[in-house]
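Shared between the two complexes below is chain A, which has chain B as its partner in the first and chain C in the second.
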Partner chain A sequence: MPGMKQTGKRIYDWFEQRLQVEDPIKDAVLHKVPRNTASWWYVFGSAAFTLLMLQIVTGILLALVYVPSAAEAWNSLNILNHQVPLGWFLRAVHGWGSNFMVAVVFIHMAQVFLFGAYKFPRELTWTVGVFLLLMTLGMAFTGQVLRFDQDAYWGLGIGVFILSRVPWMGGGLVHLLLGGPTIAGATLSRFFALHVFVIPGTLLFLALVHVWMVIKLGINEWPMPGRLVRKSTYIAEYNQLTHEDGIPFVPGAFWKDLIFSAAVLAAVGVCAAVFGPSGPGGQPDPSITQTVPKPDFPFLWIYAVLSYLPPSMETPFILIAPIVMIAGLLAVPFVASEGEKSWHRRPVAVLALATIAVGWGVFTHLAMSTPWSPHMSAWSADTLPVEYLREATPLVRQGAVIFQAKQCRNCHSIGGHGGERGPALDAVATRMTPDQMRYKVVTGGGNMPAYGKNLSPAEIEALVSFLETLHPKGEPPAFDASQQAAQSNAVPAGGSNTP
Partner chain B sequence: MSDQNDSQQRTEPDIETASEQASDREGPAVVSRRWLLLKAGIALNGLVGLALAVPVVRYLLAPVRKDSSYKSWVSLGDANSFPVGETRLVSFKNPWTQPWDGQTDNVAAYVRREGASQFTVFAINCAHLGCPVRWFPQSQLFMCPCHGGVYYADGSRASGPPERGLFTYDYKIAGGQLQIDAGQMPSLSNTAKLVNISSPATNSGRNGDCGCRG
Partner chain C sequence: MRAGAIALALPLVFALAGCGRLPGSKAEADSPARPEDVLDFHTLYNTNCQACHGADGHNGPAMELGNPEYQALVDDATLRKWISGGMPGTEMPAFAQSAGGMLTDAQITAIIAGMRKEWSKPNVFAGAAPPPYAQDQTGDVQRGQQTYQARCASCHEKPSRQQVTSPAYLTLVGDQALRTIIIAGRSDIGQPDWAHDNPKGAPGASLSAQDVTDIVTYLGSLRSPAAVSAAPLPISPRRRP
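Showing the complex of A and B:
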């Protein structure tokens, strides 16, 4: 036994003499960090790095089978899903790894922001981090393109339409993005190059720079209310803190990183096994119009925002908002490089973060149900609850048929089924008089198209008689008070003037 | 001599002791010559790099071309196969293709025939952000599945986020064939023309034929 140990030591020494990495690694591993940074709050950065490694490994494994050709990509993904043993699982791990990575990177950023860790001397660490975030999102988007299904195709289309709004250079930028005039073979090839070489290479390099700075500058101390950052004194204070109350990074803080990373990896594995891979959806044939494209999770909020923007805001918003957002993120450490780190004394920061988080959550949630989209098959697929028609006259029934046949249902729900683009019509008769309905149907307005040209007067009559019946039992339909008054005035035989 | 010395100190203020010893041994003239040669080496690399960058940039910019060079006339079939007063979905092969384009070269358009020789050929791409709009002949509307844009049969905007009507292709009838000038994904930056940019205020009385007001 001792002989083996000695041989082992000899081999180690042989390598160490040539590589000479022991000292720098020891330095990095054993450097002291403030005791209170050995916290569960500080584990997200290392988890993001672990996920990056997972993505690189699974990405390489997928590249063994995937064919980056517009003609073959979709088929090769289906073969991965259905023929290659456990190919589906690897696709699922890569896909879920991506979702987790985006989420963990955002959580990491929020934590760093909340803890004031971007302040002096860690401004550049934050700046590099912002680029890491952008690149993580870039990986998510290009990865969605490599799935090369209908969602990928039309998601690219949205990219084209956004770029085409750039003044003067729009057309050139579109050609550059697509590698030609349309989304086609050249497009997939260049997104493959971006997803597999350009972005991951830069991402890995910047991640190492990021980690390097974390090691060199030390881990941000736990923020204490009243302990202000001043450029003149901070470094000395930090050194004193680590000196007096520091523990070696390994094992002091690192064991928590390890356990959390393992937990995240396990979560990715479980999600992959339980929920499986995403797509590929329909084949990327642009002549198939029976599709409802939707972006992947990280971009759902943008999808929702674009649906709610008024038309006049569209172009300015699309062109200016991303620049403002990125510039804002980059500016954070330079605007507030000194001062209070504790969230107890930074109400504006906390409020800003909470607002962004809630806004993001709301928009993402909305994008999951897409209340702004017509339900394309509601008119032919959703049934009308029978109680609406039980005592209906032939005219009312005819109106109900028109209501379905003219796709009104695609935007208006009845009985909880149908589109949500327009208001639900279950009780429309209590809100609008027949005249108002007629006017609305014919002229449209707001978000409703005008149907004046597409419906004959008889059809409109039938439709409105159907709508007139839509009111809860015991709740009378709306009426035109002035008209009623006029009518009752016109009756000469004595009755009361107040209906 | 002293001048060279100065410049040497200015350019490498933190040179290590080893090289100081070397400069002691070899004299400042030798060392500053080495620095000069180093600068020459850097300059040479810069020059060669620049010379190589020109073709690289040209290669990268290869897809950026005039719209007209991508487009050509494509036939959508016999003009008489389109019934008057109806809107039909057609698909055609993109004129600008590579053998590995797969199904992506299968582009679609909506042809609406208004009269004997009067057509409108709409791009299927929503004028908002390009999603494929769907035609509903019953209600004579195009509806977009993405953000809820809706267009009338003539392509003008009916509701939703789009700021304009559907894009159209230029068309001509040649030898009885309906042809369109296609080859490029229609978007705001290219020659796709705008149709009937209608403001909400004018929506209600479109073409004055709704026979409804009053």
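Showing the complex of A and C:
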């Protein structure tokens, strides 16, 4: 045994004499950090790095089977899902790893912003971080394209449409990205190169620069209200802090990073095992029109925003907004490189972050339910609640058939099923008189198209007689008071005047 | 401690290696097929038919396909004709790709076979011979009116039911659809077939084939698109810019 130990030491020494990495590693590992930064709030950066490692490992394994060609990609994903042992799990880990990585990177960024950690002397760390965020999103997008199914196909289509609106060089950029004017053979090769070489290479390099700066400049101290950052004094103050009340990074702060990273990896594993891989969905064939493609979650908010923009605003928004957003992020440490770090004294920062978070959440939620989009199969797939037709007369039933067959259901829900573009019609009879319904159906108005030329008078009568029955029990339908008064005057006393 | 860790880890490894046990693992059948390759009856029916014909063939606003009497009355060729090309005079659209729809011939075959399998019952007429399915003869309006008054009016002329003679209704329902529903009835909403024309479906004297033809001819004579289109377009309920 002692012999083996001696041999091991000799080999180590042989390498160390030549590599000389012991001292720098010791420096990095044992450098002092302020005691109160060994907090659970400071674990997101290391978790993001851990996830990057996970993505690299699982990505290499996937690349052993995946075929980056438009003809073969979809099949090779299905082979991974069904034929390669644990291939589905590998795909699931890579997919969930991506979701977690995007989420953790955003949380890390929000935490850094809230803690003022981007201020002097860490401006460049933030700037590199912004590019890391863009690279992470670039990985998410190119990864979505490599999962070559209907979502990927149409998502890429929208991506290049956005790119094509760049003045003068839009067409050239699209050609460059797709390897031709359309999504075809060369497209997936290009995205494979981007996803596997270009972006991860840059990402890894920038991540190492990022970590280097974190080690060299020290971990941000816990922000205290009233402790202002001044360029002239900060370095001395920070050194004093770590000197007087510092602990070595390892193990003082590092154990929390380890535990959190392990927890994140476990969460990825559990999500992968329980929810499985994402897709591939339907075949990426543009001749299949029965599809409702949606982007992956990091891009859902863009999908919703673009859907809500009036067409005239699209191009200005597409061209200007990304530049404003990225420039805004890059400007943060230079606009506010000094001053308060504590969120207690930075109301604008807190409100800005809250607004962005709420806005992101709202648009993401909207993108999941897509209330602006008709449900194109509702007319033939969504049944009417049985109780709505229980007492129906033949004409009312026929009206219900018209309602379905003329695809009213695609925009108007009944019984909670159907489109949300127009109002739900479960209680329409309490809001509108039959005459108002007739008028609306014939002439349209607002979002509603005019159906006067597409429906025969009999169809309109049947449809309105069905809509007239749509009111909750015990809540009477709307009636025209003036018409009722006129009728009650015309009918002799004792005559019925119920509408 | 170590034994405990192995005891914990082993089932996990086996579960993973056994692939197919974990909820996330994908079965081959979960892969989405091309829309035209879907041949499962329930998927096809639920996406193309049930909105009008009702979940499981019952309680929809249109014809009750789940009624075994309907299934016994209509032959495969006729079903294929209506599904493929639509039914003239009704809202039934054409579903065949050859007629502008989305379904292949194989899918229509699968739908017909599925309906037969799910909803057909042997000897559903209990030996009685129903009137023939097709309304291919013109009956006598006078006789039809008399038969209608004698056999149908007691229910259909009640205030809440009378619209069966309304011109708007008759404009939207072709003779064949009227005939089919008189013969097969609608079991889901308690409407009797041709042999049980008493209220609540109690056995009565069956309608003869001639009776059915005459009633349909009479109802057809009341069909008057002109009467419906004469209804004035309502004036704007609100002033509009």
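The rule is short, and it goes like this: the second predicted complex is superposed on the first by the 479 of 499 C-alpha atoms of A that agree within 3 Å, B and C clash if a C-alpha of one lies under 4 Å from a C-alpha of the other, contacts with A are read in each partner's own complex, and residues count from 1 in each chain.
Just so we're on the same page, contacts are C-beta pairs under 8 Å (C-beta built on N, C-alpha and C of every residue); 3 or more make two chains touch, one makes a residue touch a chain.
Computed from a prediction, not measured in an experiment: that's the story for all the values here.
Participant: Check chain A with both chain B and chain C modelled on it and let me know: fit or clash.
Facilitator: Taken together on chain A, chain C would fit alongside chain B, as the superposition shows.
Participant: For A:S373, is the partner it touches chain B (first), chain C (second), both, or none of the two (neither)?
Facilitator: Touch status of A:S373: first partner only.
Participant: Is A:N239 touching anything from chain B or chain C once the two structures are fitted on A? First, second, both or neither.
Facilitator: Neither partner.
Participant: One more residue to check, A:P85. First (chain B), second (chain C), both or neither?
Facilitator: In the superposition, A:P85 contacts chain C only.
Participant: When the two structures are overlaid on chain A, which partner does A:G170 contact: first (chain B), second (chain C), both, or neither?
Facilitator: After superposing on A, A:G170 lies in contact with chain B but is clear of chain C.
Participant: Thinking of the overlay built on chain A, is A:A184 touched by chain B (first), by chain C (second), by both, or by neither?
Facilitator: first
Participant: Looking only at contacts as defined up top, I'd like to know whether chain B or chain C touches more of chain A.
Facilitator: Chain A has more residues touched by B than by the other partner.
Participant: Based on the superposed arrangement, let me know which partner A:A405 touches: chain B (first), chain C (second), both, or neither?
Facilitator: Both partners, chain B and chain C.
Participant: So in the superposed three-chain picture, is A:T355 touching just chain B, just chain C, both, or none of them (first/second/both/neither)?
Facilitator: A:T355: touches no partner chain.
Participant: Please work out whether A:Q283 is in contact with chain B alone, chain C alone, both, or neither, and reply first, second, both or neither.
Facilitator: Both: A:Q283 reaches chain B and chain C.
Participant: Can A:N447 be said to touch chain B (first), chain C (second), both, or neither?
Facilitator: So A:N447 only meets chain B here.
Participant: In whole Å, how close do chain B and chain C get at the C-alpha level once superposed?
Facilitator: The answer is 6 Å, the least C-alpha separation in the overlay.
Participant: I'd like to check the shared interface: which positions of chain A are touched by both chain B and chain C across the two complexes?
Facilitator: 283, 285, 288, 290, 379, 405-406, 438-439, 442-443, 445, 457
Participant: Please output the residues of chain B touching chain A within their complex, sorted ascending.
Facilitator: It comes out as residues 60-61, 63-65, 67, 70-71, 89, 91, 94, 96-108, 124-125, 128-136, 138-141, 143, 145-148, 150, 152-153, 158-163, 183-185, 187-190, 200, 203-207, 209-213.
Participant: Give every residue of chain A touching chain B within the complex, in rising order.
Facilitator: Contacts found on chain A: 69-74, 153-154, 157-158, 160-166, 170-176, 178-187, 283-293, 303, 306-307, 309-312, 314-315, 372-374, 376, 379, 405-408, 410-411, 421, 438-439, 442-454, 457.
Participant: Looking at the complex, which residues from chain A come into contact with chain C?
Facilitator: Those residues of chain A that touch chain C are 78, 81-82, 85-86, 88-89, 92, 272-277, 280-283, 285, 288, 290, 377-384, 386, 389-402, 404-406, 409, 433, 435-436, 438-439, 442-443, 445, 456-459, 461-462, 465, 480.
Participant: Could you please specify the touching residues of chain C with respect to chain A in the complex?
Facilitator: 16-17, 19, 22-28, 31-32, 34-35, 46-52, 54-55, 59-62, 90-93, 102, 160-164, 166-169, 171-173, 189, 225, 228-229, 231, 233-237, 240
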